[in-house]
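Structure first, then comments.
When the chains are written out, they are named A, B, C and D in that same order, and each has its own residue count from 1.
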Amino acid sequence: MNIIRSTFGALLAGSLLASASVAAEGAQAGKKVIFLGADDICEYCAVYNDQIRKLAAEKGIDLEVVTNKFDPAQQATQVDQAIAKRPDAILLWTIDGTALFPAMRKVQRADIPLLLTDVQPDKAREDLWVQYTGGNYEEQGSKSAQLLINALEAKGKPLEGGVIMITGIVGQAQTISMTKGFTETLADLAPNLEILGAQPGNWDTGTSTQAAAGLFTKYGDEIVGVYAAEDIMMQGVLIAAERAGLDPTEMAMVGGGCEPVGIKNIKAGLQYGTVLQSPVDEATYAVQSIVDLFNGAEMSKSVYVPHPMVTAENVDEVCQPWPTN
Amino acid sequence: MSAATLSRTSGFGGLFAPARVQATVIQIATVVMFLAACAFIENFASASNISSILYAASTVGIAAVGLASVTISGNLFALSLGSTAAFASIVYIAASGWGVLPALAASVALGLVFGLLQGLVVGWLRCNAIISTIAAGSLIAGLATWVSDGRTVLAEGGPSWLGSGTLIPGVPWQAVLFLLIVIVGEVLMQRTRAGWELRLRGTNPDAAELAGLRVTRMVVLSYVLAGAGAAIAGALIAAQSGTGNLRVGADLDFSAIAAMLVGGVAIGGGRGRIIDVASGTLFLAVLTNILLVNNFAYEVQLMVKGLAVLVAVTAGALLARKKR
Amino acid sequence: MSAPILSARGLKKSYGGVRALRGMDIDLAEGEIHGLCGENGAGKSTLVKILGGLVEPDEGELGIGGMQVELGTPVDPALLSIVHQELSIIPHLSVLDNVMLGARDVGRIYRRGPFRAHVRQVLDSVGLEHVSLDVQAETLPLAERQLIEIARGIARGARVLLLDEPTATLSDGEIEKVFAVMRRLKAEQGTTIVIISHRLNEIFALTDRVTVLRSGQHVMTANTAELTNARLVEAMIGHELQTGEIAPSQAREGVAPRLSLTGWSLPGRFASLELDVQPGQIVSLVGQLGSGADTLLESLAGLHPARGALSLDGKAATPRGIAEAYAAGIAYVSEDRAKRGVFLEAAIGTNLVSQILDRVSRNGWMVSSDVRERATQLAQNFAIDPARLPHDVSTLSGGNQQKVSLGKAAALGPRLLLLNEPTRGVDIGARAEIYAQLRRLAEADGLTILFYSTDLEEVLDASDRIVTFYRGAMVRDALRPQMDADAILHDILHGPDTPNTEAAA
Amino acid sequence: MKTLAENPLLALRWLLLLGMAVIFTAANSYFPAAGNIFALGESFALLGLVALGLALTILAGEFDLSGGAMVAVSGLIMLKCGADNAVLGLLAALAFGGLVGLFNGIVTLKLGVSSLVTTLGVMILLSGFAVWLEGGQAINFENYDLTDAFNMDWFGVLSPRSVITIVLFVVTGLMLAFTRMGRDIIAAGSHRKAAGMAGADVRGAVVTTFVLSGLFAALAGALLAITLGRASSTFGANLLLQGASAAILGGVALSGGVGRPFGVAIGVLVLAVLNNGLGLIGASSPAILLLNGGVLLIAVLAGGAPATWLRARLA
């Protein structure tokens, strides 16, 4: 936290300054790319935004960052705006998984190459974009299920009993995919583990605390494992468990993201593990995607960032602390 | 007791006077609902579940008490509570190295300053109350984003007594703080000159002005209290989780408004007491907890909450009319 | 008598436990002017609202123009139209729209053109020649809004026109114009007019017949010509009443003035004036709207930034705001009781002490014994039932609300009390009580009282000294015994006698 | 100077609008480009309809908090009922919006309580209903012909949505100025009791504004769903506060009876241009929040004591 970090001018047009051209090699240098991303109010997004600005500048890409307060309607108009500016490419973080197909069609008709990041829409429409780089939410959910089973095994518990889920905001594409991946894998690998209840934690610690507290009251000792889609929500689950007098080390506590608070909890032994999704990785992949595009490299439709399972054993090697500036 | 001698709330009949009937009904409903849940829902009466209800009620309730001073003084409501709480959560965690009380004091100071500025804009410069607080909410959120750079701040060390300590099992310190604030608020509002002036201002702003009451000061005061309430709520949320970020207090504005209105505070000003805010908050917290404990789907929870607001207000209006 | 144009039978209406009307019959003849008298709470307003279809009675029948009317649904304004006591003028609509509001002959698409000429003519007839049709009503003074409301009733061409205290806010000159229109409507169009008024002289001057209500019941209907003032009052209150008039006290020699104004002026509102008033004197400021008399009163309370010097008991005390006025010992009672005078939704006791909170509190904490004591004492002084102290002011009648408003100001223990329309909308009985209380304050405490009123009866009944105004300038300053109604009317309508003044132009 | 003296807020809106247009054009040459004007029109269409409905209820002395939540619900209804037949979906969404408006109006009038309270309940209820309708699924719209039709542009700048919105603004303006209902709406908001006594159709006026507010919000939601090809319970979350800001910025007084659709349109434009321009120059999140707050603060100061002081000085 640095209060006097930037002047108001830099604040207003941070992206323009950040993209001041640095001598860089490759066909991408000097190309104009518009990145339509998410607002800094979400920490993950803030790290991603900082990172992509930095990496693009290194590569000499003229990157313009436009953020969005998780409002698909606003993002659709931002796509219109971006097309009007005739950039060499558009990099799009679709706030809502599928809301932007019509807007993507406009980009296609305008003959502007479209790259996607972070949120992967329905693959049936992948003719609309050149490449997706980023997380695979269904895989993340699936890995979380796997990790939960590993945790029970590691603790020497049978694969039976109840599991509760704390999900993201209801209706979001990520939430839908992660939930799907988790439930399907769990049903496949451990049919005797029953999902007792699921409540949204809205990517927020406080909401997750209340939601988990309710489920702990209802199911109490029946619960052998908890899946929270994000580490900051697992933090809420841990608080609720402590209040309910439950020992988190006795349960399979699985989060997601390998966020700073998750690293802390894993090291403290309160949380068994998490599944990595790093904003640094995602931003790096996205910039690579831009570089590949302009250098005529072969582009596969989907490139996923790695989602290794993380436990106390490998947390230090896998999870890099999020950079601050 | 001056409040009792000069208002219709005295005596048993006063509880059901038109102006008080909604508040009384909600108080009874809260108790009945609570007892029924204790009897019929397994584990509901457990210490951990009671404390979970109290944690949820304390944060929203403290913000709602502050907000109520704005409403009772006749300025409808403030929409800057959420961002004030978010900023306060960040300040609390950043300052938590100094200890719990200094960190709490730092957050409250922040809330006081933001409240004071809004109070001056609304009270002294006589600007539109709603838009001023929407503008303030946006400005505060902007400052908080700038200062925090969007990052979650984590507390050093383990949980503090304010975050997870209890007086007795089931009664967290946060609930004690809430109770204290309600009592102090109630006494200030009913028994002090400033409280009387604030309520009279809400009843009739023009008459209060012509009666020479200190209306500007009262309006400023109400926003200062609202800012402080929101900041304490933010600090408490931060203390619970050991984290502070911009998402804290995302639903605080409308939760606090709903709690206050359900409790029987009139949106038009002048009517309602601080204890009503507490009972409205507890009513919604118990209701939410019952739904959560029974694992009702999120959509059902929302719809029941919406219905509760509608029914409480409808019943209040109908009963008040019948009494007339 | 030919078949009545309006005939009501057995109207009953209760609000909760209160029986507002207990079986009321009334017949109105075509083309008569009919006075409706009764104290506040007698049921006049309820009757009017039932006749207009705004309130549904519990029982009863109503026929207008030979047709049975469905009770509780608004009556066609072309048949019966009401001019309400509370202003029903919409601030944000134009004068034209206000006059046309509620008319039934306006289509869904509202074409204003065809109505302009007619509305213009009606406005001219009530003395609003100078008011444009397109100006927003909120920009007009209270009296002009009342005239627009009367114009609305007239413009609808109703066969029955009900006027509920139409003159309460009007000056005498305006009242004369309105009455002239009423007489013309009756003569030329055979309109039946019902008028409710507390000003009995109006009843005698205008009406053909009078109906008196008391406690929700019909007491009598009589030809006005056969009535005396005393008989009418007796019918209204059920017993004889000493008039409200109070013997004026004389100015005393050699007593230093309480209030002194030197060079007191407000450019554009009133010209520089000098005025000395002794302790214990009750002075009325009289003038038509725009004469500056009301503005003068308000300026003494610091509500307008006047120039010049104001001193109290020889000490300079020019207030620059209402709070300074109170601190200096000047109290003010507003004419707009509901909006600025009292806190309707707060307890009577709270209201009574609301201006002396600093005196019933210690270090910011209210002292309950002091509150109770002061409130009870004030209630007794102003003839308010102390048992009702915990009840809201809104539960009181207009007269009792006004007593609360006065008590609240008197609680300050001021040296100078300023009253704006001290008894507007207050019935005869309560009026007498208020005048008596003012006199007690003046005599016992040596309080100086200045009031502004548009009610000639009130001016003559309650003052020791009368100061008249015309177009922003003082015309005459005389003791009550030297003044009568004709003199006052002459002053406020025509100004000073000198033929060459501006006023004559 | 005369206008500024008479109504500082009115003049300020224009100053803000023109000032921003000049600054943004100078900062980014794409601001006046056809494609950007088109994008501006789309923002105007969504916020405009919600703000217009809200403004009507404020004009009649009420306040409809449920507009934002209605956008989410109506979008979901549009796509769920209109999967095969878009017209059916649109009609269903509009019917639902109208009925909720009717409910809001009738409950508010019957209870005689502030509509802030009743519509707060309805707002929470509707958000729950939206999540229920969605049922944890992504609701998409496969009729891309219709979507394309709504995304086409006329003369490069106007979309069907913005044209529909402009037409509704004009119609609403005409309705208020030249119909009996319009006059009664202003009367009901300006002085409710007086309007009733004068014989204006107060109940009809109040219910009409709520129904229109519900209809406009439902239309905004349905059209949004068509153009995005998607509906979600998370849509419309920011619209309530923005709509209220736009209406009041547009000169609508919370006390009722004051304000006209034309002013509201300008208020909506101020916010739309501000956010469009900030997005275009790539302003950072804190800058966007601070400038939004700043513009509202300027607008609010123009309605307060500083403006009165200024007016006195200039008059």
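As a convention for this text, a residue touches a chain if its C-beta (ideal position, glycine included) is under 8 Å from a C-beta of that chain, and two chains touch if they have at least 3 such contacts.
Predicted, not measured: the structure shown is a model, and the values here were computed from it.
Novice: When contacts are scored as defined above, which chain pair ends up with more C-beta pairs, B-C or A-B?
Specialist: A-B
Novice: Calculate how many whole Å lie between the centre of subunit B and the centre of subunit C, each centre taken as the average of the chain's C-alpha atoms.
Specialist: Each chain's C-alpha centroid was found; their separation is 44 Å.
Novice: Any idea how many Å lie between the Cα centroids of subunit A and subunit B?
Specialist: 34
Novice: Please work out the Cα centroid separation of subunit B and subunit D, and write it as a whole number of Å.
Specialist: 29
Novice: Just give me the whole-number Å value for how far the CA centre of subunit A lies from that of subunit C.
Specialist: Whole-Å distance between the two chain centres: 71.
Novice: Which residues of subunit D are in contact with two or more other chains?
Specialist: Correct list: 131, 285-288, 290.
Novice: Subunit B: which residues touch two or more other chains?
Specialist: In subunit B, the residues touching two or more other chains are 141, 145-146, 150, 298-299.
Novice: By the document's touch rule, what are all the touching chain pairs in this structure?
Specialist: A-B, A-D, B-C, B-D, C-D
Novice: Which positions of subunit A touch subunit B when the two form their complex?
Specialist: 1-3, 5-6, 11, 39-43, 45-47, 49-50, 170, 196-197, 199-200, 202-207, 209-211, 213-218, 220, 232, 235-236, 239-240, 242-245, 259-261, 264, 322, 324-325
Novice: Okay, in this complex, where on subunit A does subunit D touch?
Specialist: It is residues 8, 11-16, 39-41, 64-67, 69-74, 76-78, 80-81, 83-85, 96-103, 105-106, 122, 169-173, 176, 179 of subunit A that touch subunit D.
Novice: In the complex of these two chains, what residues of subunit B are touching subunit C?
Specialist: 1-3, 5-8, 10, 19, 191-194, 196-197, 199-200, 203-204, 206-213, 270-271, 324
Novice: Of all residues in subunit D, which touch subunit B in the complex?
Specialist: Within the complex, subunit D touches subunit B at residues 107, 111-114, 116-118, 120-132, 241, 244-245, 248-249, 254, 285-294, 296-297, 299-301, 303-306, 308.
Novice: Taking the complex as given, what residues does subunit D use to touch subunit A?
Specialist: 30, 33-36, 38-40, 42-43, 46, 131, 134, 136-138, 140, 144, 147-148, 151, 224, 227-230, 232-235, 237-238, 275-276, 279-288, 290
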